[in-house]
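By written order: A, B, C and D. Residues from 1 in each chain.
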Amino acid sequence: MALPAPLHGVIPPVCTPLDRHGEVDTASLTRLVRHLLDGGVHGLFALGSTSEVAYLTDAQRGIALETVRTAAAGRVPVLAGVIDTTTPRVLDHARRAADLGADALVATAPFYTRTHPREIAAHFRHLRAAVDLPLVAYDIPLAVHTKLAPELVRELAEDGTLAGLKDSSGDDGALRRLLTALGGRTGRHRGPAPGFAVLTGSELTVDAALLAGADGVVPGLGNVDPAAYVRLYDAARAGHWERAAAEQERLVTLFSMVDAGPESEMSRSSSALGAFKAALRLLGVTQRGSTAFPQRPLSEEAVAEVARHLRTAGLLPAQQD
Amino acid sequence: MALPAPLHGVIPPVCTPLDRHGEVDTASLTRLVRHLLDGGVHGLFALGSTSEVAYLTDAQRGIALETVRTAAAGRVPVLAGVIDTTTPRVLDHARRAADLGADALVATAPFYTRTHPREIAAHFRHLRAAVDLPLVAYDIPLAVHTKLAPELVRELAEDGTLAGLKDSSGDDGALRRLLTALGGRTGRHRGPAPGFAVLTGSELTVDAALLAGADGVVPGLGNVDPAAYVRLYDAARAGHWERAAAEQERLVTLFSMVDAGPESEMSRSSSALGAFKAALRLLGVTQRGSTAFPQRPLSEEAVAEVARHLRTAGLLPAQQD
Amino acid sequence: MALPAPLHGVIPPVCTPLDRHGEVDTASLTRLVRHLLDGGVHGLFALGSTSEVAYLTDAQRGIALETVRTAAAGRVPVLAGVIDTTTPRVLDHARRAADLGADALVATAPFYTRTHPREIAAHFRHLRAAVDLPLVAYDIPLAVHTKLAPELVRELAEDGTLAGLKDSSGDDGALRRLLTALGGRTGRHRGPAPGFAVLTGSELTVDAALLAGADGVVPGLGNVDPAAYVRLYDAARAGHWERAAAEQERLVTLFSMVDAGPESEMSRSSSALGAFKAALRLLGVTQRGSTAFPQRPLSEEAVAEVARHLRTAGLLPAQQD
Amino acid sequence: MALPAPLHGVIPPVCTPLDRHGEVDTASLTRLVRHLLDGGVHGLFALGSTSEVAYLTDAQRGIALETVRTAAAGRVPVLAGVIDTTTPRVLDHARRAADLGADALVATAPFYTRTHPREIAAHFRHLRAAVDLPLVAYDIPLAVHTKLAPELVRELAEDGTLAGLKDSSGDDGALRRLLTALGGRTGRHRGPAPGFAVLTGSELTVDAALLAGADGVVPGLGNVDPAAYVRLYDAARAGHWERAAAEQERLVTLFSMVDAGPESEMSRSSSALGAFKAALRLLGVTQRGSTAFPQRPLSEEAVAEVARHLRTAGLLPAQQD
């Protein structure tokens, strides 16, 4: 399907449920997509960081993307992460994603190797030229250890290389500078880069990003409570900023589940992914809550902590005892 | 004077004008304070990073603080930065600041040495016990290379060690988590830490911070256009979020002056400080725009670029030629 | 072939020559392997960082490894890098490498995702259990942004998970602590971890590493002048430390070729790889000196600078003009 | 006294013993200096990082320096650290150090503020011009978060600004490149920068640094066992490299005391400083082993661990039980 221009709204990075053998649980993934569509989301981002793309083999990536696309059934666009170290490897993923019917591609700067702004520009331009799908740049310095410079994003937006930016840098000041440079909150959409979409991956400051002129959000926590992010988005679109902020605050509280797994036992990303996946199991969306190897599983106590957060948020019934 | 509880509003980190010998230009500094008070600011932060505190000798720090306090004349509270590597050295500054009549102290985590959360907690507790002034924690990882953990700040807020936080971490997600943990936008002020003030130092996302429940802002750019930050603050207080966002956007555009000095020639902090100080000279507030040694001066072209930004913002009359 | 225990000597990370289409130039790669074997190297490391493994598709990785193994013809062991983000993806590479006849595998800690010591330990243990080849840990924080803790390496050495360590961390102090903990320069080989090999990737301090008890070196510059690294190694083995240091010093001078490409134009890794590959072309070993996309090519001036370094080192005849 | 040219040998950064009130224990410091002189050291570095300079008030810095200088009694040169954020503040320390009879100054790049190579160069040139004492650059990125570029050090060495470099960067490859550029192990001393001294602060790889052509070492652990570092140095000077390496290996084992304090309780620098100071007390050199506030003290178990290391090294008699 053609992307809306600009791409906008709530576009969760879809978790990848796994079975007991560590393979993609397609039935659970299909249910998860329905859960998200029922929540009113505007798009789906398969094979992102929250999808544990870094832990999926090429075969598993294909299965996950195909499952999401099939379950989406053309109701919303499906973006596909094409995450790998450099252009030649990313291209292999991009061609597979195109074959599987992705509506847009999401690519990071090169990683593992050191890189350079001129190399990053060439990387995105080559991807765009080689595969005929809209291309979204994924700014995620925590993973790739390079921040996409606002000037570079702007240049690639204005020359038509990029259809959008997913900003997971956490640098809301730089995001504001980019939004302002691209025409600001009003005089859009987007002055010098028509149709360019700015999506924030900072799920704790979505009200702020929308107030600043962002078009949408890619929230990992949106797997757990998609309807709340849609309410937040709708409130913002209607100019009800305090209602949006109140929704955001509720989600910030819910987000605390990411600390369930102790730092002495696992990485912060494993704790967060484990919490989201445990929540999906507790909500009955998926069959299991396990994360991919070599991440460590949440303990029973940690899962109980996740459940407590779901009850506090009203997503599970209050416990009786 | 007693601090308002909580401390709130626009509290610029006051630039330190220098004379041709690199000494504090007290006449210019006095005029700058008046410029800020005329703009309607709610407090003054002397001896912060934007004050070039790291470049001022102890004697110069004393002169700068005394000048600011005298010029403020009790109209607004004066916060004093007590920036040094560890507790014993910070204490020396704190006692001098108390003697000079500061209304509150602003201290960072230890730096130069490596540190630890338990050492940081002891540091703030000892400062608070030793000098009888409200203490604000200054979270500025770009300078001290340690981020104050939200749990630590919360603990020190709740036990009364800290009267507030100045958050210059740029991590608006963490700030949101702290604000939510401390009672959120409503149920304040501040549930478990009554009177605790949260001030953002992120001058490009002030509307967002206020929407999230922050009490005020410490904007470097507020030296140049204090009235605009006051308008932004007032709009937010009145619930006019889109007006606040429009003011913010104008300030984001004005802020671009910080790139006037080229990266090949000077540090990013020198370029920003040079731009603010050049602007103050161009506005007729200070006599000179020079930064402290060993920072490199802005070129004539860079100063012309600053002037262009001032004209675009309507702070200088449009040029005729 | 069975690995010597411990693996030792000069084991260059073999560059991957490319043709004009960016495909592996197998004829040039075969000549490069002969050049290395003629230089007296003790092993070959295919698909390492210097091999531009991060830029090679899976198909290209297979061709490169097969070419190296065939050209090596069993004369020295061939180690294969299995570089990917996490265990499941690394396993795919490991199985292909085993099928292609690699004599050992070289794997990093997980990257792109954040990780944790316990996850890293599980990662290496699972790789070792799943593929029956000796496993070498590759400590390269510049690429993966995690340093392998000496205690962890020691634990995995002592329990037989690891056959060796390739230390490209640049942290020679930590390496010394590990060597000392594993029995030191004498009481080897290797006290609690019999046969464990410590290889340094720090090509500028090989004399130091050998003096400290390391078993060998994996020098990128060894592509250009393998015989010199063999001389260095032999001198050290014979206890002629000042001769070793003199060889090292000559190689440090030659290494300066890595700065040929200007920082304003390309990443530091692209400049280094470009210099090594330009040198191989100038020496007549390979047909072309190009690096993989999206790296930028060296300019003619930069190549001339590389040539100058080769002449100074006596690897090319002095120029006449 | 005039510095030897080049400055060379073992120059420990002298610990600063504290009394129960946290003040400089001058009697203990005097004994420590004698302990070091008895060990045969070639110089003393007061007010370095290991001296806890970042924790000492200006008054305490003066007392410590004066005590060291008096106790040294002209037998060896006394270098004084002048550690502060920027040039104007460093100058204040430099003038005091000159007044107190320091034989040379040791200064870092600016810190707290961001800086730039051109600002760093101006910083060192101004210090050298303003105070008539030999100036040593202190490269300690762990503390100041800037690495001194080898080209910059070389430029400042060749133009006479710097009398030497204390390299605590841990980057032995960069050090080797600098040494090679300055004439190498032989053709010294120092080709283009006559008399320039290269001192390593990497106390675990001193044999390597001396083999590479360094002139000396500034070892924190040298407080505990100065004689061993002098033996290492003498063996290296005599060309007995394996004897030097054996001494180094023994010191690497002794160095493990720095891990006595657990990471969950204190910073790594506090653990190391606490171990060195505990060792000095256990050896009877100083009266107390306490570190400066807000560092946390070693537990009794940690001190027992330090004692165990001293016994293993033969510095304390074996325990009888």
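Structure notes:
Just so it is clear, a residue touches a chain if its C-beta (ideal position, glycine included) is under 8 Å from a C-beta of that chain, and two chains touch if they have at least 3 such contacts.
Model, not experiment: these values are computed from the prediction.
Counting C-beta pairs in contact across C-D and across A-C shows that the higher total falls to A-C.
We define each chain's centre as the mean of its Cα atoms; on that basis subunit A and subunit D are separated by 49 Å.
The centroid of the Cα atoms in subunit A and the matching centroid in subunit C are 36 Å apart. Counting only residues that touch two or more partner chains, subunit D has none. Taken pairwise by the contact criterion, the protein chains form one closed cycle in which every chain touches exactly two others. On subunit A, the positions that touch subunit C within their shared complex are 22, 49, 52, 54-58, 60, 83, 85-89, 91-92, 110-116, 118-120, 122-123, 126, 142-145, 265-270, 292-296. Residues 170-173, 176-177, 180, 184-186, 202-205, 207-209, 211-212, 239, 241-242, 245-246, 248-249, 252-253, 255-256 of subunit D are the ones that touch subunit C when the two sit in their complex.
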